[in-house]
Amino acid sequence: MSGWAMALFKRDLRLSVRIGGSALVGVLFFLAVVTVIPFGVGPDLNLLARIGPAILWIGALLATLLGLDRLFQADREDGTLDLMMMSGRPLELVVLVKCLAHWIATGLPLVVAAPLLGVFLNLDPVSMGAVTATLLVGTPALTLIGAIGASLTVSLRRGGLLLAVLVIPLAIPVLIFGVSSADAAIHDPVPFLTPFLILCALTLIAAVVGPVASAAALRFSSD
Amino acid sequence: MDLGPHSGFIIASYALCILTVLALVAWVRIDKLVQDRALKELADQGIVRNRPDTPKQ
Amino acid sequence: MRSGFLKLVAENLTIDRGGRRVFQDLSFAVERGEALVVTGANGIGKSSLLRTLAGLVPLAAGTLRLDGGLPDLLPQEQAHYFGHQDAVKPALSVSENLQFWQSFAAPCEPDGFDGGRYTPGEALETLGIGHTAHLPAAYLSAGQRRRLSLSRLLITPRPIWLMDEPTSALDKASEQQLLGLMNTHLDNGGVVVTATHTDLALNQIRTLHLQAGDPGKLLQEEAMS
Amino acid sequence: MAFWDYANPTRFLRLVQIVLPWLVGLCVITFAVGLYMSFQAPEDYQQGQTIRIMYIHVPAAWLCMMCYTVMSLSSIGTLVWKHPLADVSAKSAAPIGAAFTFMALLTGSLWGKPMWGTYWVWDARLTSVLVLLIMYLGLMTLWRTMDDPIKAGKAAAVLTLVGALNLPIIKFSVDWWNTLHQPASVVRLDGPTIHPDQLWPLLVMAIAFTLLFLVLHLMAMRNEILRRRVRALRMRAASASHPGTAAATAQPAE
Amino acid sequence: MSGWAMALFKRDLRLSVRIGGSALVGVLFFLAVVTVIPFGVGPDLNLLARIGPAILWIGALLATLLGLDRLFQADREDGTLDLMMMSGRPLELVVLVKCLAHWIATGLPLVVAAPLLGVFLNLDPVSMGAVTATLLVGTPALTLIGAIGASLTVSLRRGGLLLAVLVIPLAIPVLIFGVSSADAAIHDPVPFLTPFLILCALTLIAAVVGPVASAAALRFSSD
Amino acid sequence: MRSGFLKLVAENLTIDRGGRRVFQDLSFAVERGEALVVTGANGIGKSSLLRTLAGLVPLAAGTLRLDGGLPDLLPQEQAHYFGHQDAVKPALSVSENLQFWQSFAAPCEPDGFDGGRYTPGEALETLGIGHTAHLPAAYLSAGQRRRLSLSRLLITPRPIWLMDEPTSALDKASEQQLLGLMNTHLDNGGVVVTATHTDLALNQIRTLHLQAGDPGKLLQEEAMS
């Protein structure tokens, strides 16, 4: 990473860590969603084990998307975003670096927390490993796709919910392949690798489409 | 005309579709009325467009 | 008056904001060593003009160029914008804030402009907030934050300074200091464009007074010494 | 006159004024004929009388996809050519598209109950239509939430185009996920497989739906242009009596 | 309602309706969550019907809580909240009226949408009715409890997620009795009325505790 | 100078903000018809003082009372606060905004104070934005929004006006108008407390100059004119 990108990366990471532990809030939300579902569904352990990977994925999806609203908003509100656009650095890369830092601060903790939460859901070690692996590969895609929503709603105060609504349709393929490769790992006959590779491909696509669309939206929103 | 055992479903789908279309028509018509009224209100205050033929932007 | 090559030229600028035309066919040029002071009533479009120069508001028509600047950079990439917002992160320390901007914003020193090249420490000292370097920026008062924001302009040399009501929220002493910095920048061959409601004691002032008028004719430009 | 000359909203409004009555008439006639034909058509040996739902279900389903196509093309117009009518077109197409999607879902579910025994299954095609509905509604919300129409138009254009990329992906991934719905039988490489007695009413109804879309779209676009005029004029009204606080030229951009 | 309360109520309702249809965003989020769950859990209709009431309740819980972050924030950011505290009106009542308006604008649409979404989850008419009834009685409690979170996070920009994390634990009893009375209506042997009455009681308690705690938090946050 | 009964008395005010003592043992009194102008350098505590008087910042020590006010109301319930934020809802029309505040804020007219009692329409006319009454407030310019916010003070009579940099962001003409309104309020028997960086032409001015000093004491109070 060149100097400016590294500086940006470090700054964003520092901010995430220092400001009220965004990471913590994300993980707590994940935890809250995952614990609330058994209260609704009932304490049937077989059922929970069966829908466990789905619960973890849906929890991670919501936690990621709902935590993204401040990705650009904070920078916009204090004028930093304006200066970034004048900085002479390619905005697409700026977005990519910010997404990376954001994912490390908030996505990675979710991935780390997933196996622990898996215990609550009565997941066996294989499924736990599979879900964690798919989350590791898939959550970056969620962050990158979510960045599009974040830049579309950057000027709106009430971002969170709207962002999720806009982005969920875009994130559905990621969810499908995430859950289906986790399921594939559990039910032996189906091959694990095919959906997993598709998931990887989706993440790579998102790494291109996300920053490009997001930078375009940010440019249009400047005013 | 006999629509068979499932006539309820057929009639319901036609009726609901017609309702939806009517709602759409009502939406465009009412919207038009609202905008026209607003334009007229502004015109009464003497505020009218002064560049009737220049393209926007 | 030193006359140099660097020249910010705006031709027939037209700006729409929120679907409404703010101004139309505004032309002016500012050379190195000159300050363009934009005045006018509330809501007339001063801030909009500065944000246009900063590339933040799209032009509806007209052109904007920097003669004598670096050819492969856009004008706004050779300019600093100092507006109402401070771009200060309360959670970072004062020097972390500054170091980030030093690494992040690309510097730009075209011929005939000497940027001064302060280090972050020197810049903070110059502005009298050196002692706060290791404090979180959250502990700064409004005036100190503004000075921190200002030190950004010193550490990354860029020839054009776009300043929107730079003295607002500053007390008298800080205001004097700011004017001194602006004059130094002009002497170094820079350009300042500033919007203001008060009179500023700058060396080489040209005034651009915006006022409501017939579409088309709306500005008086006067050169003052 | 080149199409480009209609770029001007005023001229566009004039054009609408002329074309609209004819379109409305044509639309009503086609609907009359289409509805008559669809109730005259013989019943299906498999699906019985419920085949009549097809004559509204399939056109609505086609139209909801076409509408998104129109919006995507308009979005390209907004972003690439900055065509002044493009985002007006995209914005006014969204509610209509949502309504057609809703109709397709509605008639499909009502058809599903007698055919499949349930109103809804999480099948590939059904689910992707549901996702399309969410996308329409999301776009409409985005438009409503941003008060500057120009900025809203650009933001929505970005989202529309990303969504357009996403739709085929959803279609394929969901296909992979679960399938139950009918395979295509009209638009096929080897020609339609359904009986001409059923095909004709379907085609007439499809034309009628397309005309309906055109009529509604033109009317909605006209409303949108007027709405922007009202907005611009109101902004001028806010400053008109006080030149001291007015912007330099108080001219509407619209 | 006395004059000032009516004025406040009308104003808040108007604002919710005019500002980008907050109601619409909430319902859309509800729809999106309910749609996303089958992608994770799988398209098994029996399973979906079984966990349907839970899904609807969890969706409504999230939509309500995540939509609450602007309840006081908007008023705080533009200084309205300061003036409300100086207005000479009891802050508890102000909070109550605001919650009422907010519930009508965003909670009620969720209740109305619930039966429609029930179709997607293959719910039979009885369960649909039961879920809708429990939501009608229970969502006001969620709004009122959420108001506490909203006033605790009023000065934090990143409200949404944090609010949900703070409030979900408080809302779990509501969720439990909501889902269990919906389930009771479906599986005849268990009486429906007992949990339903408890749910009503919870709402009444929330109508007292919520505004009082919320007003206290708002007073402390003023600065 | 008309001398009346109404009197805002602050005794030994001490304020902590963000865990830091802003000032300590500040005492003053303002009578009806008098304006207290608070001056001082950036970050010295002018806004904090006003927000304390408005009951928005809790007192660390000291007392605050309004002699001659309505006994069952707190001082802040008899005061208007006009600060940096406008409390204007862009989505409501101008008159809806104003009507809300008229119904919502409790009026207060103690003996010896005559609040004027404008209707919303009159207030808007007085401030020169009557023509915008039916427009959404979103269409107002910054200056117009500020005037709309100001009209709040006219429709609900309250004897004390707390104004934090009231002329900021106003052009010269609007500033004059504002000073006129403040003087009328004083003549009606009201009290004005205002923080400012500029000189204000008010009838009966007392100046409270805050300045950094020993932790203990930091004020000079002088009566002018």
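Order of writing sets the labels: A, B, C, D, E and F. Residues in every chain begin at 1.
Rule of thumb we're sticking to: a contact is a pair of C-beta atoms (placed from the backbone, for glycine too) under 8 Å apart; a residue touches a chain by one contact, two chains touch by 3 or more.
Values in this document were obtained by computation on a predicted structure and should not be read as measured data.
**Student:** Averaging each chain's C-alpha atoms to get its centre, pick out the one most distant from chain D.
**Tutor:** It is F.
**Student:** Quick check: more C-beta contact pairs at D-E or at A-D?
**Tutor:** A-D
**Student:** Based only on mean CA positions, could you tell me how far chain E sits from chain F in angstrom?
**Tutor:** Centre-to-centre distance between chain E and chain F: 38 Å.
**Student:** Report, in whole Å, the distance between the mean C-alpha point of chain C and the mean C-alpha point of chain D.
**Tutor:** 47
**Student:** Suppose each chain is reduced to the average of its Cα coordinates; what separation in Å results between chain D and chain F?
**Tutor:** Taking the average C-alpha coordinate of chain D and of chain F, the gap between them is 54 Å.
**Student:** Could you tell me which residues belong to chain E and also touch two or more other chains?
**Tutor:** 19-20, 25, 28, 32, 35, 39, 42, 77
**Student:** Using the touch rule from the top of the page, what residues of chain F touch 2 or more other chains?
**Tutor:** As it turns out, chain F has residues touching two or more other chains at 131, 141, 143-144, 171, 173-174.
**Student:** At least two partner chains per residue is the criterion; list those residues in chain D.
**Tutor:** Only 131, 134, 137-138, 141, 145-148, 177, 228, 234-237, 239-240, 244-245, 247, 251-254 qualify.
**Student:** Going by the contact rule set out above, which residues of chain D touch chain A in the complex?
**Tutor:** Listed in rising order, the residues are 79, 131, 134-135, 137-138, 141-142, 145-146, 148, 151, 154-155, 158-159, 161-163, 165-166, 169-170, 173-174, 176-177.
**Student:** Going by the contact rule set out above, which residues of chain F touch chain D in the complex?
**Tutor:** Touch list, chain F to chain D: 90, 128-129, 131-132, 135-136, 138-141, 143-144, 171, 173-174.
**Student:** In their shared complex, at which residues does chain E touch chain F?
**Tutor:** 3-4, 6-8, 11, 14-15, 18-19, 77-80, 82-89, 222-223
**Student:** Can you list the chain B residues touching chain D in their complex?
**Tutor:** Of all residues in chain B, those touching chain D are 1-7, 9-10, 12-14, 16-17, 20-21, 23-25, 27-29, 31-32, 35-36, 38-39, 42, 45, 47-57.
**Student:** Any idea which chain C residues touch chain D in the complex?
**Tutor:** 16, 18-24, 26, 40-45, 60, 210-216, 218-219
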